[in-house]
Structures are given as structure tokens and as C-alpha cells.
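Shared between the two complexes below is chain A, which has chain B as its partner in the first and chain C in the second.
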Partner chain A sequence: MAPQQAALVNLSPAELSFLRSSLAQTPPIRLDVTKGPRDFRSMRAEYDVLPGANGSARIALEDGTEALVGVKAEVERSPQRPSLGAHGEDVDMGDEDVDESTGKGQNGWVEMSVEVPGFREDDSLPVFLASMLKESLLASGELKDRLYINARFHWKLYVDVLLLSPALSYPLALLSMTTHLALLTTDLPALKSEKDEDPLFDDDWDAAVPLYPKTAGKTTTDKPPVIILAMAVGPNIIFDPCKEELAVADAVLAVACTNTSSSSTGARIVSIRTIDPPSHLTPPGIPNSMNSATGGTAPTSSADALTQRELLASSGVWTPPRGGMKRNLISQVTKMVVESGGIAEEVISALAAIEVG
Partner chain B sequence: MNTDRRRNNAPPGGTSAPVFARTIREPGYLQSLRPRRSRGPNELRRIFLQPSIIPSASGSAYLEIPTSSTPSTSTLVPPTSSLKITASVQGPKPLPRSAPFSPSLLLTTTVKFAPFATRNRRGYIRDTTERDLGVHLETALRGVIIGERWPKSGVEVVVTILEGDEDGWWGDSASEGSANGSGWGLLNVLAGCITVASAAITDAGIDCVDVITGGVAAITRNPDSRDQKDLARLLDPCPAEHKEIVAACAVAYLASRDEITEIWMKGDIGADPDALIEGATHAAVGSLAVVKDVLLEALQAKFQGQLEVKESGVKRKAGDVDMTG
Partner chain C sequence: MPVSILPPTAPLPPRRDATSDDSDVDMSDDELTPQTKSIVTPGEHITSDPQWMRGHGTYVPSGETTIISTVAGHMHKTNKLLSVQPLRARYQPEIGDLVVGRIVSVQAKKWSVDIAAPMLANLPLSSINLPGGILRRRTAVDELNIRTFFSEGDLLVAEVQSLHQDNTASLHTRSLKYGKLRNGLFASLSGAGGGILSRRGGVVRSRRQVFTLNTAAGEIDVVLGVNGYIFISKHIKPAQSATDISITRLEEGVSETLYSSQNDEIEPAVMREITRVSTLIKGLVACGMRVDEDMIVRVYDGAVELEAEERSMGGANGVDKGIGAKGVVETVLGRLEVEAGG
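Right after this comes the complex of A and B.
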């Protein structure tokens, strides 16, 4: 039973209580007072940083957290399985080139690894981050279908996520934005061979096709998902919380979304997960009335102490939050994220602008 | 990758039973074997729950959701899978001396599939899906347990899945292999883990804000209709019964507080996830009824036993007095 390796913030109960009450008032006052509840921390982003990868990106936040993502693609032989019941296969050979690859992609063709310094690769944090990133990537099914080459070969996509700095704040949003940018700028060599031939590729890198096709005319193509971290403090919802703010959160929600296929505004959700807020592990405060050093009387029995603690609920003395998230709060968060002009659209268009500019 | 080097392991890709061409009579034959959902869209599967099954643990429970369809004799392809989970709680016990101070109860959750739990054999070392499930379960339970009442102590929740829900129907060869699977069955497994762990924690007598239960809802595409947009919401889906699941959601729900401590939602949800979350909470309320009844029964049985012991003790004492007097 090793204690959590994630470095907890070293804030006293009094500081936690102060921070929480300032975040819970309307309008909330954040730790960085210049920011509103919907503001993200500023970042520096660049792409195509790794010459040996098909696509790569690096994002550094202002607090020094920095993530690097490399996307590499390899051609792999698809295992041949006995086809059940499809004996009449050679009959419908000719007329299928329209949606040849739809539904043929497999989840195993994308592999994701997350490395966070200070954590082993099988620790719960990197495993959780990797599975959330992978799950949102595979949710729509369009990416894995694009990895299909022919019946015998497919692309295998390796997405390697590296957090270069120690995990100062919960790194999920940063890693997902970096992954988004890297996938957006990933190119695969153009295929020259046809149908079920052994794949032969164009050796001209300029002819390479992007993994996520650029917007052609009016039709919007799908984009890789971004994960947005939101936390609830009292009635307030705060996006992109920093480490200290997370330590007083009532609940934390990670919402993965991507752009809608029908319209250019708004977004659709591909995955939602709750994240265990670190506030559950913070030390509870001891009120003056229970502390004999400050003129109070220490409780005589542990049962007495428990009753006195329970009566403290709204007195302002810090107690770690209990329970979960109200349902209407969840729908409020998702609505703020996906609505037209909402957080998701803002983040996706900002990341797209990096590539263009 | 951390592979188990101390034992002789089975092939990593798993093995599949040979399917002989003779068993397939015509192309549509296999599809005709596909199990169909016989329950209504809001009807849950039956649940069997039994607390205190492991005497040495401070709390334990066993959950079973039996398979809904009867096994057919004409084919080797099993129709639907069932779910069998045990949970045991060790503690709360003091942390080792070397551990740093902790102001609240340290919760450790371990979720492990038994090697024989799924079609592809699972190894002895926990793989990423099992660790991921462990994190989900920890998130679900952390909000429920009142941890500040046990400083400097730890509790371990060990969940073993003896039989897990499949990700899809066995006849669909595309869903073969755990790595390629869509993982829809994992949501059912997580909901079961939450329910059984909650029963075990209550059995161990650890203070909680409420009894937490898990529930699953899914949006499926109707295979019969031509319209691609024809989606249906179902509670407690059995992945084998549906060819195409669009999105699914598992929640851990506190009914009396109307709060959710854990959501795991995936798939193409669209802009509005509320209906799916609501469905999952309805499913959780359904299993809460079972959990409450079972725990009440167990409590009554326990106190009945204690009363009897006390009475017989008094009698024996009285008898002793008589003897000496």
C-alpha cells in the first residue's frame, strides 16, 4: 500500500479554505486573478519538431509544464482470419471501392504510450491518461478506418506522449492538446500500389497525404479530439484549473470532444470521465473550539470528536469534500463545452490556427 | 511491456477454437444465431448478490448477473456471457511505520480478471485495462468513503472478476481479440465492480455517505430499420445482443444525494449526453434496490445470530450459577 506518488500541494487547511471560498464566490476569483473561469493558461506551441516522426508537436505552458508528442506510422501485416460465411466474396469485387475501408479499422492499430517523469509506465496515472487519450481518439472510428491499406496490410500508428517536466498540474489537457496538434500535422506517405498488391509508397515526401485531411471547400472533415478539464467548486465551473485550484475542487470532469461533422460551429462529445479530485486527500482543519491550544476544549472521546466534526460542515473550517457531482452540474459543464462558441470550439480553432500561421 | 517471465505463458494473442466450414450451412446462418434482447429497453437483468462470503476479510461480497439466454445445443458459439465478480475489503488497518503520514484513509483498489474470465486468457500480471478499471473504481469509491475518520490507515479493495461480460458476440469474428475489441463489456464490468465493492465496504462497516451503485446505459443502432439515424436507448445492455453500440455510459450513483461520483462514457455521443447519463442512473437505482435488500437481510441475520448467542450465553451462566450454588 504505497501512498500516492502524485505530489500533493502543500497548503494548510486555512489556505485551502481561503482558496475555496474565493473560487466559490460569484464571480470567482482564481489563483491567477487576471483570469476568468473560462480562460486557459497561455502556452507556446510548435509542430514538426521531430524530424524522424510522421508528425510531432511540443507545447509548453507558462508554468513550465511541457509536453512532446511524436506520431510514427509503420506498415503492418494484418492477420488473416478465416472468414465466416463469406464464401461468395469473389462475386462482389468490382463495385466496392467507394467505402472499401469503412468499418474495417481495428482498435489495436493505434497504440498510445504516455510517459510521465516520476511515474512507472504501469502506474495508475500514466495508464489512466493513455487510456483516456486512446479511447477518445478511437471513438469516432474514422481514424482507424483511414489506417486501412488493403486486406493484407494496414498502418500501425504509434502515438508516444512524453511529459518533459514533472507533472505540476494534472497534465491531461496539455497532453491531449499536444496530441491533437501532432496528429493534425501527421503525414502518411502516398500509396502508389493498387488494391491488394504489396503496398508501395511514393518516396516524395511532398506528395504525402495528411492523416486528417484538410478542410476541402465547405465540407468539414473530422479533427482529432481534444480533452477539456473542468472542475466544479460550489456553483462555479472553472476550466483549465491549476494544481492549487484542483486541491479544493468538489469534482473534476474530463470531456473529450471533436468538431461536428455537420456544421462548423459547436462540437460533439466522444468521451467523458470523472477524475478523482486531489481534494479528497487534503488534511481536515481543526477549529479553535476543538483545539485546547487556542482556548477550546479538546473532545473527550472519538465519538464526541466525530459529532463535533459533522457539525462543522458550513462553518468555513476546511473539510475535504464528500460525495460526487450533481447531475445538472454535469449537463451544465457539457453544455458550456460543446455549445456553438463554447470552450471546445475555441480550443480546436486555436490549435488549428497554430498550424496555419 | 512487463511480461511474466517466471511462468510458461500461453500465447499472447490468445487462441480461438477452430471453426469448421461444415458448421456454416449458408451465409445467413450464423447471423440467425445472434441472441436478441428479450427484455424491454428499460428492463434490467437479474442480479444475485451475497455479502460476507470471505470469512478472513473484513468485508466481502459476490455479485452475479446470470446469462439471460438458454444455451442452445445446435451450436458451439455461446449466446451471451454472464458476469461474476467477487470483492473483498481488507482493513481499515494501520499503515506501515515506514509510510509517510496520511490525514485520511488511503484507499487502494485492485481489479483483476481471473485468467479464465474472458475468451482471451488474461495474464497473472495486471494489464492496462485492469489498471484503468482500478482507477475508475477508486474514483467511484473515494467520494463515498468518509476518509478523514481514519487518519494513518489504509484499506484495500480487491475485486476479482471470475467471468466478465464480452465486448461483443462470439460469432462476430471482427471483434476477436481483446486488443481489437471495442471495450463495451468493460462498462458492464465496471458497474458490477462498483456495486459489489459498495456491498463489501458496507459489509466491512466503513463509514460512507451513501450506498453507491453502478449502472450502464447504451445507445444502439437498430439493425432492422433502414434509417441510419434510428437510435435507441437501452438500460443495462448486453453487448452480445447488439450488433452496433454507438455510445455507452457507466455511472456510479448516490441515490439519496442525487450525485454521481464516477462517469465513464465513450462512443459517438453527440452534443447532448444527458439522456445517456439519466439512463445509467436509472439502471443504478435499479441495482440499488437489490443492494439495499440484501444488506438489510445480512444485517438482520447478523444481529439475529448475536442475540441468540447472547441469550444462550446468559442461560449458560445462569446454569453455572445454579450448579455451584
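Right after this comes the complex of A and C.
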């Protein structure tokens, strides 16, 4: 389970209780009443912002959170592995004309770094964010194969993710969307040399080939994954929660999706993770009956306090959620994300529309 | 529109400030030259002409006559006085200000309270109303039980009682109007400052800061702290009628729930209206508008009307409203302007 943000929630028990009960209504009342449970916060996006990078993008949310991603590609010499069995295994040499690079990519060819202001490079939050982003990126295996040039050379992809503002809400979804847009607009110089020659590139930038090929005809090509944050409050599922909403979440799920290769609708999941909601660390509210300042009697021992708390029926007291996510809730979330016309499809098509328009 | 992604815009348009029709402190505004729109930055030489006097936000190096700006903001000329009004500033506490604060830490005999000022404010245990009447003596037991009154994260409304030399404020809650906040939502206008800045966005002093908003679902209390912190909550009617308790025993009637951190039963409709007001305040902030009672009431009514219209049209396409809170507020303000003009 990934750690939550280090900055603790600083809300009073009364506020937490109010937020939770409003989010648990049907339909949920979100902190921004103009938004429904499936609505994302509006954002502003642009791409090709960094002239020196192969691909770059910037997305700013309305609350001021802003992320910048640069993708830089370098040619690197692949280490020559000693082939013990000589050419014994290469019986299927003839098939390689179909696609030479399949299965030859390595995970190490993609390097990702995440910088969050206020956090050291080796703090848990940036490290986990980077590994989650990288994990979803490499999960499909198609990207790393595309980095293969020939037996001796490959592309090395550096993805630098920069959060420009303090992390107001859990920034994973924003960083992932920005990375998606940057990778979508990444171009690699066109290769002129053949086979195992030293790589020689076309110096005409117009001839560059996109890292993620555009849709050619009817065959849909794969797209970079995008991570969608979903949280559960009672029976409700809410997407793209803001900081205050996250503070009362029962459970938070990060679902990484990419488009399906078979059809143009729907999406498929490449990775899924639970995120420890900050609500687990909030102090519980003290009910009037246990508060000596409001005419109640303070419990004598902590065991006594626990018993009284368990028997508590009142709804106006904040109790931090316990336990994880229920199975049918997870299946409900994944269904809402991947179904045809689901959240993933909406996000991916909205990001694609930015690039076109 | 579950996901809306827009292309980037040019920097925000200048704030649409209401013309300063209020308080008497800004009488001199009429004499402002068009130059006030230009922005000066810290360290910028404003003038070396000795005829000018330096005002707020400027400084003169010793042995020189050059006036240098110390903040980034708009320059103001009042007769021969040059002052620079910062674009963003923290709240400067003044005695008597009504503020909303959040407890940051609990110490032996006092709390440290975040009131958006450069330094944390103090709330001594001796300046709160203890439950059980005003005449009760503060005892060592109360000191040990300090967390039962306020603990970390709790919101409270208080008044600035005194200022220390380093400009830290001491608060007090010795009135029935003040105390712990519950049954509602918190919102804030950041960087609005207060005082002289309150003309451009932010909460205005010397206006009504605590008021009750009538909604279809019920009454809602709004507390506008001078420091830009705002609390919106359900209006709680006093449980007993005033005739039951004598003036001297008023405290006892309230003390039951004075330090409660438990919410009362709130109807979903009221909850929705509270959230709506908080969303609209955020929208007002995003639009760079001033936040006061009049503005909140007008925008709230407009937003309710807008929603009713939308519902009667039967679909989102009926009424053209922008995206999110800012869009709604912009639409409402646009309509109000049209009404005012026609």
C-alpha cells in the first residue's frame, strides 16, 4: 500500500464529520456543488512547452496545482550480453522480420523522476509516485519495445515529472495525466541506418516519428496509461477527489488504464493500487457524552473509552474509517473506469482532444 | 462534462473591483492618478525627487532621497505621500478584529492559533469562557483538561484582544458570540490581507461579519473573519427561550454545547445549501471579487435562480453557465450587471 501524503490533515472533527456526511448522501454533495461524483476538476493543459525536450506538457488544475513533464530521449549503447549457447536458441530467426523489437525492450530503458516541492528526492512520496507512474508505463510492454533500435543500441527515455506547486491534493492523477500528454506528443528522430549499423538519424525534425504512433486507419494503437484516482465514502464512489474530500475517504484506489487494442471504446487496466487514505490518521471526534466540557463524563480508562465509542450510535461524531476496500466496491470502481463510455475513456479522449485541437 | 480540459489562457484579467464606495479611510482614492495601475517590484526605485514623502510599502536608504519599493504592488499617491499597496499580503491583526482561526498547537496554559497572520496568535486559557458560568475560577484541573476545550485542528471564532510588540495577537473568546465552530464548512480567501487591502477582494472590516442567510432549506450562519477565513454553518436556534434564563446565568445555558466537537443533526438540504455557499465563496475568490454580506447574498440568490432555471429547462444545455464554481459566479455576476444596467 502506497503511503499517503506526509502533510497531515488539519481539519477539526466537526468539519470531518460534516464532510463525510455530505459525501455519503445520495447523490453525494461534493465540496464543489457544481460537480457530480464522476466529474473531474477543470484543468488547463498545453503541450510542447519545453523546446529542448522530445516531448513535454503542462497541466494546471483550477485550485492552482500545476505539473510540468519533460520527456527526453538519448541513444545508449546496449550492454552486450555474453551468449553462451552461441546461436542455438535463435531458431526462429526467420520470423524476426515481422517485428524485430518484440520482447527485446528492458525496463531500465525508461527512467522516471518525480520532484515535489517540500519533499526530498528520496522521501517516500516522490519515490512512490515515480514507481507507480513507471510501473503503469511499463506494464503493457509495448513502450519499451519501441525504444529498441538494434542489437547494440537503444533509446533511453528520461521522464522528468515536476510538480510546480505544493501538493494540495494527492498529485498522482495530475502527474499521470501530464505524463500521458507529454508522452503522447513525444517525437523521436527518424532512423536512417539499417539493422545493426551504428544508428544514424534523419536531422529533419519534421520527419520525426512519434513515440506513440497516431491512429492509422482502423487499427487503434496503444496510448500511454493514465492513472485515475477513485475514493469511496460509504456506498458512494467519487472520482478525482480534492484534498478535503480525500481526508474523509474510506478507501482510495489508483487505477491505471490505457485504451484497448481491440476496440475504440472502453479501456483496459494495466495496474491498480490502493492508497492509504489520510483519514486513517485523523483523531476521532469526542462525543458530547464523553466530553467533560459539555456535561458528559470522561471515560476513566482507554478500554472504557473504546467500549463507549463502539456503542456510539450518534452520527454527528467523526470516527476515522477502519479497514480496507470491500471487494464489490473495487469491482464497481473498475467497472465504472473501464466500461465503454467510462471514466478512463473520457479522460483519454479529453487528453487526445488537446493534442488535436 | 465529467472531464473538461481547456487550453491555457493569458494571465488573469485585472480584478473587477467594486468602486470604493465604503469606509472613510480611502477618501483620497479620488485623487489617484492612472499610474496606480502600474506594478512596482521590491527594490525598484520609485523616485529620487525630494518633494515626495514615503508611505507604506516603501523605504529610503539612509543618506539618500531615493524612495524604493519594498513590496510588489500598486503605487498610490496621496497628495505628496507615496505608498505601495501589496498585491498579496498576510493579514495584519488589529485590536477588536473578529477572526476565524484554527488551533495549531496546545501548550501548557495557552493555544497557538493560525489566523493567517505572519505569526501565530495566542489564545490563553484565561481568556476563554469556561463551562459552568463566567464566575468560575480557573483551576489546575482546567489546565490539565486543556484539550477538552480546544485541541489541534479545531476551528474557533475569536476577537483580537491585544497586540504584542512583535505584532503577534492575543485572542479572547469571552463572549457568547465566540467559541468553537461546528456544523459546517470552512473556506478561506488566501492572501487577501485585511485592512487597507480589503478594498480589493477579501473581507471588509466595519461591515457586518456574522450574518444569517435565509435559504429555501433553512437558515445558514456565515462568519466572515477579517483574516479571510470564513465559516459557513447551520443556524442553531437557542434551545431555551431567553425568558427562562436570567442575564447573569446566560453562560450556563450555552455551556452545554460550547466546546462540543459533535455535529448536530443536519438535514441533507441544509447541508447542500451550506456547501453551495462555500462553493460560491470560492468562486468569488477565483473571480477576484470582494466578499461581504451583500455580495454573498446577491450571488447566492442568483445561483439558486440559475439552478431553478436550469432544472425547468430540463438539461444542462438550457442555460449557458461556465465550468465549475468560477463559471457559475461569473454567470451570476454577469446577470447582476445586466440588471443593474437595464
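Methods note: the second predicted complex is superposed on the first by the 337 of 357 C-alpha atoms of A that agree within 3 Å, B and C clash if a C-alpha of one lies under 4 Å from a C-alpha of the other, contacts with A are read in each partner's own complex, and residues count from 1 in each chain.
The rule we apply is simple: contacts are C-beta pairs under 8 Å (C-beta built on N, C-alpha and C of every residue); 3 or more make two chains touch, one makes a residue touch a chain.
As the structure is a prediction and not an experimental result, all values here were calculated from the model.
Contacts of A:Pro28 after superposition on the shared chain: neither chain B nor chain C is touched. When both complexes are overlaid on chain A, the residue A:Gly316 reaches chain C alone and has no touch with chain B. Looking at the shared chain after the overlay, A:Pro283 reaches both chain B and chain C.
In the superposition on chain A, A:Pro171 makes contact with neither chain B nor chain C. Shared-chain residue A:Gly55: touches no atom of chain B or chain C.
By the document's definition of touching, of the two partners only chain B reaches A:Asn107; chain C does not. 283 are the residues of chain A that lie in the contact sets of both chain B and chain C, per the superposition on chain A. Chain C contributes residues 1-9, 102, 131, 145, 148-149, 151-155, 180-186, 255-266, 268, 271-272, 274-276, 278-279, 282, 286, 323-328 to its touches with chain A in the complex. Those residues of chain B that touch chain A in the shared complex are 2, 19, 24, 26-31, 95-96, 99-100, 102-104, 106, 108, 126, 128-129, 131-132, 134-136, 138-139, 142-144, 146-149, 154, 156, 171, 173-174, 176-177, 179-183, 209-210, 249, 252, 254, 257-274, 277-278, 281. Touching chain C in their complex are the following residues of chain A: 9-15, 17-19, 21-22, 25, 29-36, 38-46, 58-60, 62, 239, 283, 285-288, 291-295, 298, 314-318, 343, 346-347, 350-351, 353-354, 357.
Here chain A touches chain B in the complex through residues 1-4, 81-88, 106-108, 122, 124, 127-128, 130-131, 135-136, 139-141, 251, 253, 260, 266-276, 280-284, 306, 309, 319-327, 330-331, 334, 338, going by the rule given at the top.
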